[in-house]
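Please see the structure below; I have some questions.
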Amino acid sequence: MALNLYGLRKLIEYSLSEDIGTGDLTTNSIVPTDAVSTGYIITKEAGVIAGVPVAEMVFRCLNPEARFLTHAGDGEWVEQGRVLMEVHGNARAILTGERLALNFLQRLSGIATRAAQLVKLVGGGKPAIVDTRKTTPGLRVLEKYAVMMGGGHNHRFGLYDAVLIKDNHIKIARGITKAVELARRGSPHTSKIEVEVESLTGVKEALEAGADIIMLDNMTPKLMQEAVALVSGKALVEASGGITEETIRAVAAAGVDLISIGALTHSVKSLDISLDLEEIKTN
Amino acid sequence: MALNLYGLRKLIEYSLSEDIGTGDLTTNSIVPTDAVSTGYIITKEAGVIAGVPVAEMVFRCLNPEARFLTHAGDGEWVEQGRVLMEVHGNARAILTGERLALNFLQRLSGIATRAAQLVKLVGGGKPAIVDTRKTTPGLRVLEKYAVMMGGGHNHRFGLYDAVLIKDNHIKIARGITKAVELARRGSPHTSKIEVEVESLTGVKEALEAGADIIMLDNMTPKLMQEAVALVSGKALVEASGGITEETIRAVAAAGVDLISIGALTHSVKSLDISLDLEEIKTN
Amino acid sequence: MALNLYGLRKLIEYSLSEDIGTGDLTTNSIVPTDAVSTGYIITKEAGVIAGVPVAEMVFRCLNPEARFLTHAGDGEWVEQGRVLMEVHGNARAILTGERLALNFLQRLSGIATRAAQLVKLVGGGKPAIVDTRKTTPGLRVLEKYAVMMGGGHNHRFGLYDAVLIKDNHIKIARGITKAVELARRGSPHTSKIEVEVESLTGVKEALEAGADIIMLDNMTPKLMQEAVALVSGKALVEASGGITEETIRAVAAAGVDLISIGALTHSVKSLDISLDLEEIKTN
Amino acid sequence: MALNLYGLRKLIEYSLSEDIGTGDLTTNSIVPTDAVSTGYIITKEAGVIAGVPVAEMVFRCLNPEARFLTHAGDGEWVEQGRVLMEVHGNARAILTGERLALNFLQRLSGIATRAAQLVKLVGGGKPAIVDTRKTTPGLRVLEKYAVMMGGGHNHRFGLYDAVLIKDNHIKIARGITKAVELARRGSPHTSKIEVEVESLTGVKEALEAGADIIMLDNMTPKLMQEAVALVSGKALVEASGGITEETIRAVAAAGVDLISIGALTHSVKSLDISLDLEEIKTN
Amino acid sequence: MALNLYGLRKLIEYSLSEDIGTGDLTTNSIVPTDAVSTGYIITKEAGVIAGVPVAEMVFRCLNPEARFLTHAGDGEWVEQGRVLMEVHGNARAILTGERLALNFLQRLSGIATRAAQLVKLVGGGKPAIVDTRKTTPGLRVLEKYAVMMGGGHNHRFGLYDAVLIKDNHIKIARGITKAVELARRGSPHTSKIEVEVESLTGVKEALEAGADIIMLDNMTPKLMQEAVALVSGKALVEASGGITEETIRAVAAAGVDLISIGALTHSVKSLDISLDLEEIKTN
Amino acid sequence: MALNLYGLRKLIEYSLSEDIGTGDLTTNSIVPTDAVSTGYIITKEAGVIAGVPVAEMVFRCLNPEARFLTHAGDGEWVEQGRVLMEVHGNARAILTGERLALNFLQRLSGIATRAAQLVKLVGGGKPAIVDTRKTTPGLRVLEKYAVMMGGGHNHRFGLYDAVLIKDNHIKIARGITKAVELARRGSPHTSKIEVEVESLTGVKEALEAGADIIMLDNMTPKLMQEAVALVSGKALVEASGGITEETIRAVAAAGVDLISIGALTHSVKSLDISLDLEEIKTN
């Protein structure tokens, strides 16, 4: 996945106006209009970087002529004290944009770093570590991008691009078979259908109904292993629900194809990153 | 502070469209148009609640006729297993809005809970625990509201509503005195001026320049104590920079008026909250 | 599929402002502010109706208190001269909204009617008649909804909700196998992968690469039959490219699962529908 | 009329986001970020071209540095197989923008071609062939531009830029004379006033009331001729209502100044146009 | 003209957010959420009122359940000390909306009052007093509405709804005749064509070219009189350019149909209006 | 304060679309697409200029390649007949943008000129002349910028960036002391608190409650003098309410720190400025 920068401009402009409002009182009072400088964005702890192009766009919105030198790209593991990028341009733009650029970089790098840790825990290959819809309102595309940068994989992007039949849907349809049938009729033939099940009976019924993906909800690793055997490659198997660093290796060993982790995006620890400003020059 | 619901509608509509896109394939295929039901929003761990009116507005956007019963208001400490609110209305609207309503509630309650813990740590009164501009892009008003609900206090909302002179500004102005003077001339007389200092010399200079608030950046508690003595009530004193649960009591004991904590909003652990759906009725 | 009215409001408001601009000079000059009346929306030729809720929303935007009586719902075949719906309310709102309400109804009913004719031509069951991305810019959700109302089925909604590998992608990837592999890695596991092929060799390669759907581009019905045999249920088979009323039955007879028709939405003949206004009453 | 590109950017960006959503899964997975290529836009049937600058803007939105070679301008009659334009730039941008660029070009060229056919049918000069407000919601300016490119002429752009008094308005005002008087008082002196009439009596009354344009609604060519004689140059005369290719010459012969045709924009047959991609180069 | 409230909502919401931003700190801190009260809007000087429905909409945006009693409608001459309207509802909404509601009312009533004075000066009938495009950016529809409420009349609303050929256009076209011909070809037949002239020769040429309106730019009343005689009813005659209270009667006496006055909207003196709040009640 | 051009683009684009709508009929019909020219913006009366960068942005929105020569900057006093700036570029863009560019320049220069007159009246130093929230809806940032350009100073920008406790708030809180206490608790510690008082008792109570600014509402100069003595530097003192050119020197002599004047922005007399177009060149 590449970052869809095209669609991000509005989000960045909205976030800038959230911070700048009627103007940066401090910077506009103190920094001469035509002062130029260079900002160095530096890691203060090690981790996987995500969001460098977003940070660039923040500065570019405020100063279209700003120039950038990128020393570490998204998806790269970076040690503490590394200069990720340099922004050279109008000093007011650098000071006014600093906080937002860092807010994006720190959060996205935090997500990428966490994803990378989990991917490493399960051995780096199968099962894939996937995200959920428990993302920050407004930031879903960015947060899912950060998961990819950390070596994880994406689940559906919203309610519109795949079917996921949960227990409430099953209750309303009075059974998995009927629910899958209704979903197949009501959604494009290009959509996969995933069914959330809580038992081996559910696995069997979903499989027979033709589910493309079966989500095992809150099962023990042992039960998951049986489910995987039952499915035997006829559908993708996804483990979900309360999986932690402690339990993830056991879940992986059960042979599932995917492990989805809500905490990847709903409980993020930012990566510490800061901006150092070179001495100002006035033209 | 009361939640400014007026300005939130756009954010909620944007977030809904982020999740719903061209339509909820699963729910629209399976749930009859006119089915009604009740959703119960329930805590799965104890904490301070924030965001109930936001969750309500999510459902109201999808179903203006939905009715609500609120059992626990924002700012309240709630035990695990408590029903916070009930939403009664169109079953499709409840299922389609569930994830976004919870995403808001979980994040905001996570922030409120963390704020409450820190407030308790410092004894509940002075110093005030305040937030920073390290908030999630797009969610600043909500996250600052959550801090208030947890008993914390708010710092400035952006670059536009107060002056905060940092080291880069001081370097450019060639001194604190000159920086404060420029800021006073360039900002409304209704704006307070805060100066970030790293030494007692800085404290003195800021005080003489007429700063309204002095931010002690990364000082030891001992140095802070001297700074507080020096200021002796002629300005507010704010401690800032890398303050943790371990160090916060010592900082508080130094006599500062305020302690600002970026992690309150940049590294949030969501509070676990879920929605249970009652059996569906079809008219 | 149900019409996602939630997302439509903006489109309708934009379209209203396109027509009304600074005000309806004629109606505002002539019709008293408080005059009320009833408008009858009547078919002037037979066809399948689509867009009644859209027409309602047009009037409701201008007059939130307007009341409606719906006599024929979306998806219904209706004879000439039938009253589809009545709108009762402010006379200015009815006159000002008339054209836009009809513009939506006529176009969507035109699409639904055409879809219904094609569905009937292939016998009403399999293969499904599906649309394409050759829709009117801005109206995709509505036009795809109209296809459903006519008994057709939807293809993917955009570039984001399924993978469709075309000849240019295959050339760039240097082969179908590699292209499918890249797409699987780069897209959510919830996305289906469709491959467009022009020969039986292509069918075989796509099948072995694990394509979920194989699109037969501009093949003769005879070749399609061989392709269907080759696939033998291991993927969905979609016929595409220049299929007309004359050739559609032969294509259907080849055993494909889906026939996609761009003209369903790119070359629409509107269904003739008009609005009659009852005598005005002034309060 | 020149195409008001300034106002189009929003429409194009909206339409792009309708198609691209969270990203072009196929292209972003398969095509390298820095690949460049050339796309050739080619007619697959003969017709009058309209929309070349719109297609250019689609690609420019995705790739501001794209370069264009235009071989046939808007308003030109072009044979089948002609290269209209070349777009040279980022290969992803060309593939992602292709469908929307063609959707605009095909529809607008379809309208221009149809307008040109009708203009030719009536001899190319007077009466002018004019459009109506039966345009696609959201695309009015573009569709009216296409009519001009085909040699047609534009009617009013909306309810706000001219007065058109129809039968319902006349009923409410209790007569043409009163309606015209109210309209003159209620609209700027810069607005023309058109009256729709169904009989010679109506023509007379409208003329005496000072109408600037008289619309003959659904009259026979013979009656139109009498109406034209009656008006004798004191107002413009417009024929309207159910005029087809079969009847248009007779209507023209009646001496009217303008013939308005709703089908020009409400029932469009797209002109077949496609894009061929040159081999990709990777930097 | 009736006020097109439909299109105003966005302007009002934008203006509210300009004033309220992240929240009304004072009111939200001090006034209980559920307090209700009544606000009385009172004139502090005599004048013609305009903007009552705008003020209502301001309060309704903040408190949809607010109720209103209107004692003086738009267009009415009102003495000092008159209660124009009462708003009853949430006390916070009244206090927060007060300033914006008054800002609209005062400005629009100032314009209406000035228009009424000029209309009275020229005798109340012909010539009509008309506005120009010298309106406040963003408020054109409202300011033109206020002119109507004062008894004035509206000129074109923008560059799009009528042709106005000025000296620069004439220079570029190399003559009035050619300019009118180009404009007629390039604009809808529903648009009137106005020509600005500076001499009797210009008047003659414009008349022969078929101009619908002739604008006499900065002519002496005597020259205007000759121009009116020359035109002798074959076009509307508009006087324009530097006309003041001192000169307006002489201009009117010259027999022109219209006098346009930029100062009506570019140099407004607000009418003094205030809001009195009844004692608060808390539920 | 520097003009926050970043946030202005939307306002300018909105205002352009207000004026241009579906296109400049006159210019587009008459002026060749590729004609270039130079526009000279010239003062027709003396005054202080404000808005030159806004005017530039208007032309740049229509013609991004336009080039500018600025002869007089914002804040400068300029005699009649001075060329302020030259815009060189596409002739259509200059003609189409002319009115909006001038509408901004004339209004903002009118405000700056008036502010400069008042500043001069009070001697040019203390007290500062400050604006209010009685600005034109939508233009607050620009109008406050113009006040600064004229040598005035800004009051708070809205309800969100400072506390201003008025009589209604005091009544609701049952006293100044309680009101100030509630405001301090409910607003960020970075916000100043201003209290409006009508008597010396009020001054005393506000001072004791810790108000940062005390607004003397409608007091006589003599009473103001006593108030100033009472406050004796412990808070800023602002005079407000009905202060005119006649009374302002007496108010200044009373020793207040600030004088706020609503008429600065609610009753503006535009400065007369026009645009002259050089002869057109066609490439």
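By written order: A, B, C, D, E and F. Residues from 1 in each chain.
Everything that follows uses one rule, which is that contacts are C-beta pairs under 8 Å (C-beta built on N, C-alpha and C of every residue); 3 or more make two chains touch, one makes a residue touch a chain.
Just so it is clear, the model here is predicted, and its values are computed rather than measured.
A centroid comparison over C-alpha atoms places F as the chain most distant from chain C.
With angles rounded to a multiple of 5, the C-alpha fit of chain E against chain F returns 180 degrees of rotation. With each centre defined as the average position of its C-alpha atoms, the distance from chain A to chain E rounds to 52 Å. If you average the CA atoms of chain D and of chain F, the two centres end up 44 Å from each other. Chain A and chain C, compared by their mean Cα positions, are separated by 33 Å. Those residues of chain D in touch with two or more other chains are numbered 1, 20-23, 28-29, 140, 157-158, 160-162, 164, 186-187, 191. Listed in rising order, the residues of chain C touching chain A in the complex are 1, 128, 130, 153-157, 160-162, 164, 186-192, 194, 212-213, 236, 238, 257-258. By the touch criterion stated above, chain A contacts chain D in their complex at residues 1-2, 4, 6-7, 140-141, 157-158, 161.
In the complex of the two chains, the chain E residues touching chain F come out as 11-12, 14-15, 18-32, 35, 91, 95-96, 99-100, 102-104, 106-107, 110, 133-140, 157-166, 168-169, 171-173, 179, 182-183, 185-187, 191, 263, 266-270, 277, 279-280.
Chain B makes touch with chain C in their complex at residues 16-17, 20-23, 28-29, 33, 61-62, 92.
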